[in-house]
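Chains here go by letter, A, B, C and D, matching the order in which they are written, and residues are numbered from 1 within each.
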């Protein structure tokens, strides 16, 4: 399998998972019995949940490219690790809805925040496994890949799982603080990419 | 990242957002308690809403190509701006349904029209930001891009946000007039493209 | 726009419209109150509706390629005609569900059959318009396209709209006969392709 | 049609069918009336169903590549066989939900297991037909394809249909044993791919 076809399948899952998020917002309005005007204001957590998860998927998609750009070949084990990563990505709309629906009336925010955090933690572990497998013994790296770039990527992926795990465990004490942290982590990645992201990362094919 | 992979992801979101619109029409028939025959005639605003939003997404997709064709490279900031644009595109099925469901019985058309207009206004702003960022200091332009083409695109994108903002604000006075305007803007783009669109814009790869 | 990107977007809509058809089958089981075993047998029209519409979309996708393979370039008018064709394709899951749900208890089969037939008739008209526009004055044809192939395609597309219109009008007298005809038309295309379809139509890229 | 466009359409259906699986999990939580915390634990079969079907689709996608990599050309009959295979793939989310919803309270697990098994058996038959048609008389094989690789693929695909048929028939005696077998078959393919899958199967394009 060329790396190109792996990317087509992955981009499909990323695009669909992101686009399906709008069904969560839609369901929120349908469930309500109040007039549409106030209802549209009332469900503000749905908009934030939609935006945070959409942007999170956008960042994972962008990082997925960074990984693939360093690889010169793939094997079946890598394919399977990739399927597990996509399994987590496609799962994300589910805990997103749980958090969004319980953010205003916080009596049930704790299980929702734990579900969201667990999904993100497992996803970060899948991501790191995929990368460490690919670079172990330079197994799948391009022959001309740069050691400095590779170790830079490793350094930037290592804190992902512990960060999300910490934010998840905080939900045991304060679910709200946990949810705010999830949003803040995403915001950090956006700002990090946007302000310091002016190096050219690719040209026309 | 090659510009090609950015286009694969974007085309995926465009295609899915457009295709999901049919779920709105579907939900309308399911909610009704009358016989199917009259019900199918009764929900005519759903068909118009479906067509207007589908064609709107088609136009945005076509314009997205026009932008990408001028670019020779992308960077992370551009990627993030692109994710925000797609976030708006994937959001469109939601306000489309609100408008379609409230077009016959107009007691709640105002919040629906405001939601639709706000989405389109924010999308137009995202589009313009993406373009202005790319051409600022010829940052991401192809080396052989033509100044006249570039300034032509800029001129045609500048009126987007103010036009949609005006149509949105009109909803405060007359929601119906506002909704008619949204349809008219789309119709204008279709006619504009179809009657004056016979210049060849691309060949086989 | 290269013809390649037009095909990516079109293939996305084809793939999603086809895959969304399963939601219709799913909804049928959920609506029922009987035990799952008998319910799964009871909803047999859903399986046929799913298969007929899935295969219909598969045939349109395959024909779309045949059209694109003859074209050397595209323009904005062609893009818009293509968007209208895709609008019909993405609409198909909706009348499919109407027909499937009313095939056993036929009291409301007539409006459902009319909706399905109207969709297919409009789609056939869009298809023919797209093709006739492309070949008019050899506007978008490849320079090396063969006159015999082109007129062969024209001849095979011309009967589409009248055939579907006839099958639709038959619903006014007998909805069931109309629905059987829709299935038969699809079956004809499958058999036609499968038994006489052993000429090689494309190689590896 | 180039084999590339066939792969784009197929990858789209694979990606969408896999991503739609999350809607099953989502519906499970919505249907419940208990608090979210216990409900999230209660629906554990949904998570397993989601994972098993997602990974199954991932394996089929990966095998689809293995088939396409051996082919040098396609014809219309092959296209139609491919559409039938995709029809089965897109059907999978439906029986997956049936099994997941009835795994805890097993009174209705039998019809659900039979539906899941029947889908997988038909899919295995479609897969084998597609492959045997392509290699019959070396009809669509690349000119440089290796006899040993081709017969290796044939040997590995032959047991698929009988294996799934056996697991399906076991549901007549013990639905639970049948469902456990479905999971075990998937697990076998994952382990088989992951532990013995370190040969390089493709490079960068």
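In this text, a contact is a pair of C-beta atoms (placed from the backbone, for glycine too) under 8 Å apart; a residue touches a chain by one contact, two chains touch by 3 or more.
On a predicted model such as this, the values are computed, not experimentally measured, just so you know.
So chain B and chain C: same face meeting same face, with over half the numbers shared, or different?
different
Farthest chain from chain B, comparing Cα centres?
Centroid comparison gives D as the farthest chain from chain B.
What is the distance, in whole Å, between the centres of chain B and chain D, each centre taken as the mean of its C-alpha atoms?
Chain centres of chain B and chain D, defined by C-alpha means, are spaced 36 Å apart.
Would you kindly tell me how far, in whole Å, the mean C-alpha position of chain B lies from that of chain A?
Chain centres of chain A and chain B, defined by C-alpha means, are spaced 25 Å apart.
Residues of chain B touching 2+ other chains?
As it turns out, chain B has residues touching two or more other chains at 8, 12, 15-16, 20, 23.
Residue numbers of chain D touching chain C in their complex, please.
1-5, 8-9, 12-13, 16-17, 20, 23, 27, 71-77, 79-81, 83-84, 86-87, 90-91, 93-94, 97-98, 102, 108, 110-112, 115, 139-140, 142
So in the complex, the part of chain A that touches chain B is made up of which residues?
Residues 7-8, 11-12, 14-16, 18-23, 25-26, 29-30, 35-37, 40, 50-51, 54-55, 58-59, 61-62, 65-66, 69, 190, 193-195, 197-205 of chain A touch chain B in their complex.
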